[in-house]
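In the two assemblies presented below, chain A is common to both, partnered first by chain B and then by chain C.
Coming up: the complex of A and B.
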């Protein structure tokens, strides 16, 4: 099915893409993998006259590790994220999240930039990126900026991005060895299904006690939601079943799910508890070394 | 119900079909019972969701003939319907059925795409194509009726069934479609599997403000079968009888007339039960698995072709012409049997080859054009292998009859002592005396002109009883099958993983075992989807909430269990070379087997389809509450 009445503009580089977006204003939209945008255009949920194609821009689909920082280009495909050796080694939760998404075909086309920019409440990558404290690096005609991902999402399908602002890359500090991160998703079938609930959880353990924790809930609020109280409940606790189950219980109360075709509010609340505990357990299992003693 | 929602004065209370069947005497039957149990089950609106959308291309030819290409599974019924609607002779319409990308019952009647494309072609004088979007397909629907089913079963202490009472309300949507027949099937087919001496069925098909429901794989029967199998297992477990055993005790025997006057010929249900018990290692597993792991049994079966056509007609149900090329090499098999992905071309070619006595690779099928091939009623009611197979093998034998005299003369052997086999005609016992099949065929042609054989098939006359609705459920033959399912259930989230299926089917003598296993595997995947995830969801105004393949969940390859499909020895005298059906029958055991496996894993029965994680958790909660109540010490002080 062809989409009538659109003009495609192949952007030479990101600066060019931004200026095209600026030039055409509200009637323009950037297209990365197109797995969200094309569906919206076909279903007439979105109408744009000018489509700025990012796909031809070189160098934006790379995953690099530099000076302890993971740099993921905005055009990196979900399939690359799922398979990347660097990601699997340093942030396995992110490749886990990517591999639960959609179908092989969609994973080959869809990008990390598109998933984040689209800001769908059930999107699978944001919870993990938030728990990992990612930074979003953007370009726009007025310059570049670094946005902590915690400040990025403002509502369903809404972000702080300006109209002519595009994501260049996503940066994540490689988590220290005494930390672990996990993403757990509940879906109604094993492929091609959106999250009913997704939970990312990170843990830092020092001297046998949790020194930092971050639990992020997906698909249960207008934006990915940090379960602040549940996260806080873990600080100072021993990383064990009891603490994790307790955090799960608290997280249940923090979620604000709605009922829809994928599940009722009550069902989602329950899943939050179970998935939170399981994510924490897996995160704990991923802690590689015994915490180092600080030498003074 | 408020008057303004009444669809039609003709249908009081919007009841479009009322079935009132009583065979034997259920009152007496329940009196004889040592144990009875009654339960209510609710089905779901399952949609066929074939990959290919409905599509039609129409053109008005130079001579005024209507030419219609249609993605249909019933070219003849479509043809007949077009003739009626456009009020012109059938012979002035040509229907072409290209390869069809799946039907499952959703393309078993003339669709609006057919009529609209023809009307527009007439208006414009140009070829016109009309194709459904995915959403259109859901709105056209013709999927399963959602059935509200109450069964009461009475049994003796040893598990023998004494009576069954069935009350079913079928939510049929806004039009009849096949619904009248669905309402009858929902009752009649229950009686083929087990010996039921007393049986009452009250069926009500209701008009509602939803898209019309129709025929879908297993037509009307999978939901009642799910309910019945579940209740039979509950009863077995209540009485401490092994659930496979209770089925063996009640299993249908060959050459039996059922309580509702259906004639069963071949029947190897018991053999399928014995085989699944062994292959699945039932005895080692049933009752011995860890919590969260379960095993379950279900049985099913179906007609091998409906005994009567859907409109009054005396035409044989399947008709074939075989034309041999002048050189005697190839056989062109003409029969308008709809290949919709099920593989009917393959088995028909095999059976034609067998009838002719030439190798399969010399057969060419011509099944798609009403100008070329005589009618076959279509790909529905699991009928083509048995009926089409009889027609083509008879046409093949007709050809052989014609050429044998030429071989007899040439070989100087009497025609009775000759057989046609694998491209030669030879002496029955002396293999050294033979000639090429093609040579004999050429001799015939040289003397008489075209070498053509014909064959046709109609079910035996007078099938079924004389009561109202008796024709529905009649068939020349019935299939039987038993499935064992193994699942694991995440008791915290309710998520079900269907891990393994072991299935044995009685399809008579298989013409093509690979095709049989393909049907079984497909049926298991499809049946599993409708048991645990598929449902068309409606809002308060009857609009579909999920008319797309993202939110209407069918199983993906990642959800598919390990499947073993086995066959039992069986021979059906009414079938070609002993064959009967597999396509629809294989779906029927699936739902009950999964429901039982889930109950076995969790300790709770979910009686409403689909059995979703959410429903499982709810049932577990209810059980927990009940257990707590009953385990509280009674002190009588509060």
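Coming up: the complex of A and C.
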């Protein structure tokens, strides 16, 4: 399995990477961990002549917590995400999602930036990032911008990123103590398996009632899908089994799964219901403080 | 177009002429003759080509060789000290954790990276640590037991049972390591795809 002729360009920094991408246009692509791109090049699913290597850029693989904001560099490996103390403490759903992915070897290579930019419908990180309202910070020859992740995905393997635009960092506000977030994935094996369905759910509870909820479905539509009706059904409800199961039922109807080798459409629909309920239950269990009483 | 790069493999610098499209697996096997790194799926799934780069296991089949210059690359050929097998290799031999042996080098590299970080892994941690290595003989139980038991072979010079008898045919009535075990845990066992002859023709089966 040989890759057709390519030329590698080592980017000194992100600005340099962007200008290399601009210079070589459609024949160029950025390489992070390579676990998607090299596989695609080998299978001739992607053909690029110029490969812009991001791996040597310093400082892009750090996870920081600054003023209540989690900042995750685009080159942070899936293994670091899975193991990071900061992420485990403040956004355990994201380290859970990372640890369900691929294999130890691929997690050591693959990056968060690559997973998000690749925009595969079954990708494991996007649902949780959407439920957590992440922001994608990018650089390009025309400057930097902040993209709310809800506006990022436009189709299977399609995003709003420009051809010479690269992700620098992903930012997430640390969720408040009266909230919880969870990711549940169904896979055919516990290793090296893509999601048949993945569901991320977040909950905010005030005065014993749900004041905000967001359910995001992965692998059941061309892009990660916010189950709007199911999420709305929870507002004002008590966070209990009944409310969660009901939301699951509604979510089943919102997904638009296809049948493929990993599962039939019908099977996926059933999974959405079960995983939604389980994700909500876990999210609820992660709420740390007693619900705050309003002063008046 | 060829270019010369330097790769640090098993503590030694190799100067090697490559194409930018060559994977680390291609370079190890075809240019340097280090065929202990096996070729399985070639797509980053099966783990047969596992190497350790700066302390982390990676699939050499989906790494472009040019991108790992300046890093410390460890392969199956580099983990024994002179003739003394690494304790993990000894444990694999002793436990009979080897059948066809094709996955063995990759398994051993994953196991080594695991115990380097976590010398006393639990069974679950071992399963997780080896979850990127597929064994199609499905001899997982003995592999897991071998990793669990590795500390027994930690003392340098620790011998596997009857190691000295191996070449002496004093084997009747004794439980012996497999005759090919040593070659299989060190990566020196040769499989069809590992042979190279001058002017060799390579056939390919085309499925329809």
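Simple rule for what comes next: the second predicted complex is superposed on the first by the 291 of 296 C-alpha atoms of A that agree within 3 Å, B and C clash if a C-alpha of one lies under 4 Å from a C-alpha of the other, contacts with A are read in each partner's own complex, and residues count from 1 in each chain.
The definition used in the following text is that a residue touches a chain if its C-beta (ideal position, glycine included) is under 8 Å from a C-beta of that chain, and two chains touch if they have at least 3 such contacts.
Keep in mind that what you see is a predicted model, and the values were worked out from it rather than measured.
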Partners on chain A (chain B, chain C) - clash or fit: clash
First (chain B), second (chain C), both or neither touched by A:105: second
Partner, of chain C and chain B, that touches more residues belonging to chain A: C
Which of chain B and chain C A:188 touches, first, second, both or neither: first
Which of chain B and chain C A:53 touches, first, second, both or neither: second
Partner chain in contact with A:274 - chain B first, chain C second, else both or neither: first
Which superposed partner A:146 touches (first chain B, second chain C, both, neither): neither
Partner chain(s) touched by A:264 [first = chain B, second = chain C, both, neither]: first
Residues of chain A contacting chain B in one complex and chain C in the other: 103, 190-192
For the chain A and chain C complex, residues of the former touching the latter: 1-8, 31, 34-35, 38-39, 41-43, 51, 53, 55, 79, 102-106, 108-109, 190-192
Residue ranges of chain C touching chain A (in the complex, touch as defined): 1, 19-21, 23, 42-45, 47, 50, 56-59, 62-64, 66-67, 110, 128-129, 131-134
Chain A residues touching chain B - in the complex, by the definition given at the top: 103, 186, 188-194, 261-264, 267, 270-271, 274-275
In the complex, chain B residues that touch chain A: 492-493, 495, 533, 537, 545-546, 550-551, 553, 555-559, 612-614, 617
